[in-house]
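Next come two complexes built around subunit A: one with subunit B, the other with subunit C.
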Partner chain A sequence: MAIKFPSDEWIKELSRLLNESEAYERSAKDWEGDFIFIVEPDEAYPETAYLFLGLYHGKSPDAAMVASPDEREAEFVISAPFSTWRQVIEGKLDPIQGMMTRKLKLKGNMMKIMRYPKAAKEIVSCCAKIPTDFGD
Partner chain B sequence: MNGYMGRLLRVDLTERRMWDEPLNEEWARKYVGGSGLAARILYEMVDGDTDPLGPENPLVLMTGPLVGTPMPSAGRLSVCALSPLTSIWGESNTGGFVGPELRFAGYDGVVITGQADHPVWLSIVEGRAELHDAADLWGLDAYETQERVRAALNEPKARVLCIGPAGEHGVRFAAVMNDHGRAAGRTGMGAVMGAKNLKAIALRGTAKVPVADPDGLKAVVREINANVDEDMAAMALRLAGTAGYVDMALMYGDLPIRYYQQGEWEPASNLSGVLLADRYLTQSTACYRCPIACGRETRAPSYGLEKADGPEYETLGALGSLLMIDDLEAVIYAGHLCNLYGLDTISTGCTIGLACEMFERGVLTSADTDGIEIRYGDAAVIHRLIEMIARREGFGDLLAEGSAALAERFGVPELAVVVNRLEVPMHDPRAFVGMAVTYALSPRGACHMQGDMYGVDTGQGPPVELGIIPGDRFDDSEEKGRIAARQQAWRNLYNGMILCQFQNPGVERVLRALNAVTGWGLEPEDLLRLGKRIVTLKRRLNLRRGLTRENDRLPDLLMRPLAEGGTEGTVPDVDRLLAGAYAEFGWDPETGEPVD
Partner chain C sequence: MWYFVSPQVVFGEGALDALDEIQGERALIVTDATLVELGLVERVVSHLKRAGIEAHIFAEVEPDPSVPTVKKGAEVAREVEPDWIVGLGGGSAMDAAKAVWILYERPDLEPAEINPFVPLGLRQKARLITVPTTSGTGAEVTWAIVLTDPVEQRKMGLGNRENVADIAVVDPVMAAGMPPRLTADTGLDALTHAVEGFTCTWHTDLTDGLCLQAARIVFQYLPRAVEDGSDMEARERMHNAATCAGLGFGNSMASIAHAMGHVLGAVFHVPHGRAVGLFLPYTVEFVAREAPDRFAELARLLGLTDGEGEPAARALAQGLRDLIRRIGNPLSLAEAGIDRESFDGQLDKLVDDAFNDTQMVTVARSPSYDELRQLFICAYEGRVVNF
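== the complex of A and B ==
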């Protein structure tokens, strides 16, 4: 059964898949830094949502949908409208292309992110594995 | 004539004669400047028989209308001639300060013909040119030459272009060096300079470039400088230099490994620009009026080296992963040797890479190589070979001819990863298939600066207003071929104005800047027209030099899928991509010749 995006269930499913992924574990073995993904409203989704994803040494120890970005501390924040997130999850927008073209806006230590593009790719691969309900 | 100093310096080294020539305004309007205008000048001066190392091959230094103005990141210079490596159109483009300084000295460009009967150097100071004896400079490395020329001229602020020993020895991929370790690296312009017995060119002046609309320029410059802080690609370059692309390139399969034949190699990650910045960076450096400052100064303590320029991404690939070297200090040192001797790091690394591959396959044996075992991963041997190439010592004499000649000499031309005899840079066309068009149609042979489709498809400032839309990197449709052709035209315009390709403020701002400087009143649709005209002129020149449609191809090794890694087994459909590109340029699809 498809899981609604954005939702607490969806981000927890992503966390679970990351913890199962050897490719992610290998590519992020030294990574330390949590994320908050901000889903901004657009014509396809009227609300703002905040998804917290904890990431540490190739694993995802924690994940939750939170009510506000202040609820959990995160080193990195990536924000984009709902439809852009959908493109990323469906593999239609390369996340690096998205960041370079400012469709995805990053806050955080860019040098640190630049060292781990393979990890980003594996996260997107895991996203694509989640049967997702975008509310169509 | 706004945007131009209005004159060229002509130098005949055989006759030791120098004179001023007015800039051809009609040519400037049609070909802009930089390599475009240089190509137009060369087109009149060479034919199918001109020897690239002969006195009749003109060495053309050319600026463009934006150079030396307040426009950010426009401090560049084109160095052009027929290439002794490829025998076709040769161009190279260097940063630093020499481009603006040539204009401040009073000239848009310098056209040098002939051959001096003994080594000389040329000074151009405040509009006055003079030749000097260079006997005491001959044999010096590029760094010392620059210092000695400044001292001899008693102009500590003079900017100096020069060759190192590689140019003196006619290494076919010798570079012209300037501003410490900056290089007009590709296509052997240093060998052309050496063949003319010209060791160095010193520049100094205080003239100003006339600008049509100073207030308009000031306004757009302010916007461009503000935009840099919003431009993620520019920010990445500022933080980690071009080396910052290494990790991304590895993910995409864009960084060649083991002479383009291996898709993944985990130790290559040790070449990361982030690690370089953490461990070996001493400072960032910037070219004239550049807010990005992608230049790197580094150190390699294991080699007793406290100051080196670079390495750039291309050097990290060509002298690193291509040769299975993952030791950053070893690559810093190899790049430093190339800078000292005045060698193009790309062609140097690629030619050594080919030698490694030939040795591994038994095509070369130690009987051919002065007893040296040329193995992948052996940094000491690679350092030794760089020195042998620069001095044409022993087996180095063969390597100094370049990859195509080396492979032909031993009966394996199919092993050379070259396009039109120029070694393929560190962007794999199996990772970004649009690069197949860039390489196959590049006027100077395989060149990543003639249409950076890896930049387009990773979203690094593509001019979407011109129909250059980032997309799927594996899409090898005719439409992708058209996009690659447009990008080639766009970058050729950049190389005409001359604007650094890392400065991507958007079409509208580039247009406003060019119009503010020149007063031309161009419209957006004029920009690609200018770029296509420049590409087509260079193509006509190459057709005259004997190239045909059959030369528009990729080398065999790049047409083989890689089993693992970021290319995901992709091989581009080159014919389909080229069909789109020919249509975009208006060239005959059968002959590849321009139609008009």
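== the complex of A and C ==
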């Protein structure tokens, strides 16, 4: 059954898949830094949503949909409209190209992220594995 | 949405004359000591003099330029206060020139902070001219910068669209003196750019034609340039091919052969073009097991097969092996002179670093850690990839 995006259930499923991924574990074995993904409203989705994803040493110990970005502390914040996130999840927009063209806006140390490009790719691969309901 | 960036490219015999028309007061030439000895730096200096530009020379760039070197170059730039930086040489010198230019303009930045995601605000103090003296790197038209961190023995992929050169002067006379081995190595670099630029997941309609034409030229003219360095037609076509491939992959991306080549160069100091060219047939075979179509299309367009799917992709791999053998380059890491004990001792590092190389994100079939390990072993032993 498809899982609604954005939702607490969706981000927890992403966390679960990351914890099962050997490729992610290998590529992010030294990684320390949590993320908040901000889903901004657009014509396809009228609200703002905040998804917290904890990431530590190749695992995802925690994930939750939160009420505000202040609720959980995160080293990195990536924000984009709902439809842009949908393109990323469906594999139509490479997230690194998305950041290079500023369709995805990052707050945080990009230098640190660029040392783990394979891990970023694995996160997107796991996103694509989630049967997602975009509310169509 | 994507971008295509390019300098103004002045190419062909006599292209150096374009320097006579440059407007400015002072230039800092970033290069290496060998090119000073060979008289190639003096050629550029004489053209700049005709333009009324005072030339200063920083000739301390080493192969695989390091962070300390570009910081030193930036210090020299701050003393000289040039309005032109001239990157003269192979990829190392031109990459170093880009980094020196950025650090001169932005002394608040560390080299590792040069990335494509933030505005740099360049061209407040100087602009950049690139003059390649090899036919392969494409660095004269790309914004990529590869620097080596000597502490971690790791190459860092850096760069920002803003740091593409303003003018690239692509004159074949500057590459005419390359010895056969350097001609072969750098030519394979150009070919790997062309093949990976055409087949990576970031390829575009605007880059495909450049990559295809570059590959065609290399297949036709690289053996001639290697066998007879005085064949100026071959020299000029290879010089053009390198720039075409640079524009192609520089506006798409390279891929897994570059990821593997970067770490091999950092650990075993194998010349860049030799390393990436050596890996290319193996990575073509690996990726084509699951995603053969782009390789098959390229193989057909190059006239290597009229087939489809994985068999056609394998024809491309075989065509690459035939070319590499014909120009006398190694087809395995063992042939490249790396002894088995050293290879086994460094294998974990090779796999770890290649796994997280920036070029790995654009491969159409992403290898697992164990698959990447097997790829390195196949390349060591010269075994065809069948997994």
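List of remarks:
In this text, the second predicted complex is superposed on the first by the 136 of 136 C-alpha atoms of A that agree within 3 Å, B and C clash if a C-alpha of one lies under 4 Å from a C-alpha of the other, contacts with A are read in each partner's own complex, and residues count from 1 in each chain.
One rule holds for everything that comes next: contacts are C-beta pairs under 8 Å (C-beta built on N, C-alpha and C of every residue); 3 or more make two chains touch, one makes a residue touch a chain.
All values reported here derive from a predicted model rather than from experimental measurement.
Of the two partner chains, subunit B and subunit C are each touched by A:M110.
When the two complexes are overlaid on their common chain A, residue A:P61 makes contact with neither subunit B nor subunit C. In the superposed model, A:G135 lies in contact with neither subunit B nor subunit C.
By the touch criterion defined above, A:P41 reaches neither subunit B nor subunit C.
When both complexes are overlaid on chain A, the residue A:A23 reaches subunit C alone and has no touch with subunit B.
Touching more residues of subunit A than its counterpart among subunit B and subunit C is C.
Residues common to the contacts of subunit A with subunit B and with subunit C across the two structures: 94, 96-97, 99-101, 106, 110-111, 114-118, 121.
Those residues of subunit C that touch subunit A in the complex are listed here as 1-3, 112-113, 115-118, 157, 201-202, 355-358, 360-361, 366, 368-369. Residue ranges on subunit A touching subunit B, taken from their complex, read 94, 96-102, 106, 110-112, 114-118, 121. If you check the complex, the residues on subunit A that touch subunit C are 22-23, 26-27, 94, 96-97, 99-101, 103, 106, 110-111, 114-121, 125.
On subunit B, the positions that touch subunit A within their shared complex are 230, 232-233, 235-236, 239-240, 244, 247-248, 250-251, 272-275, 277, 457-462, 470, 473.
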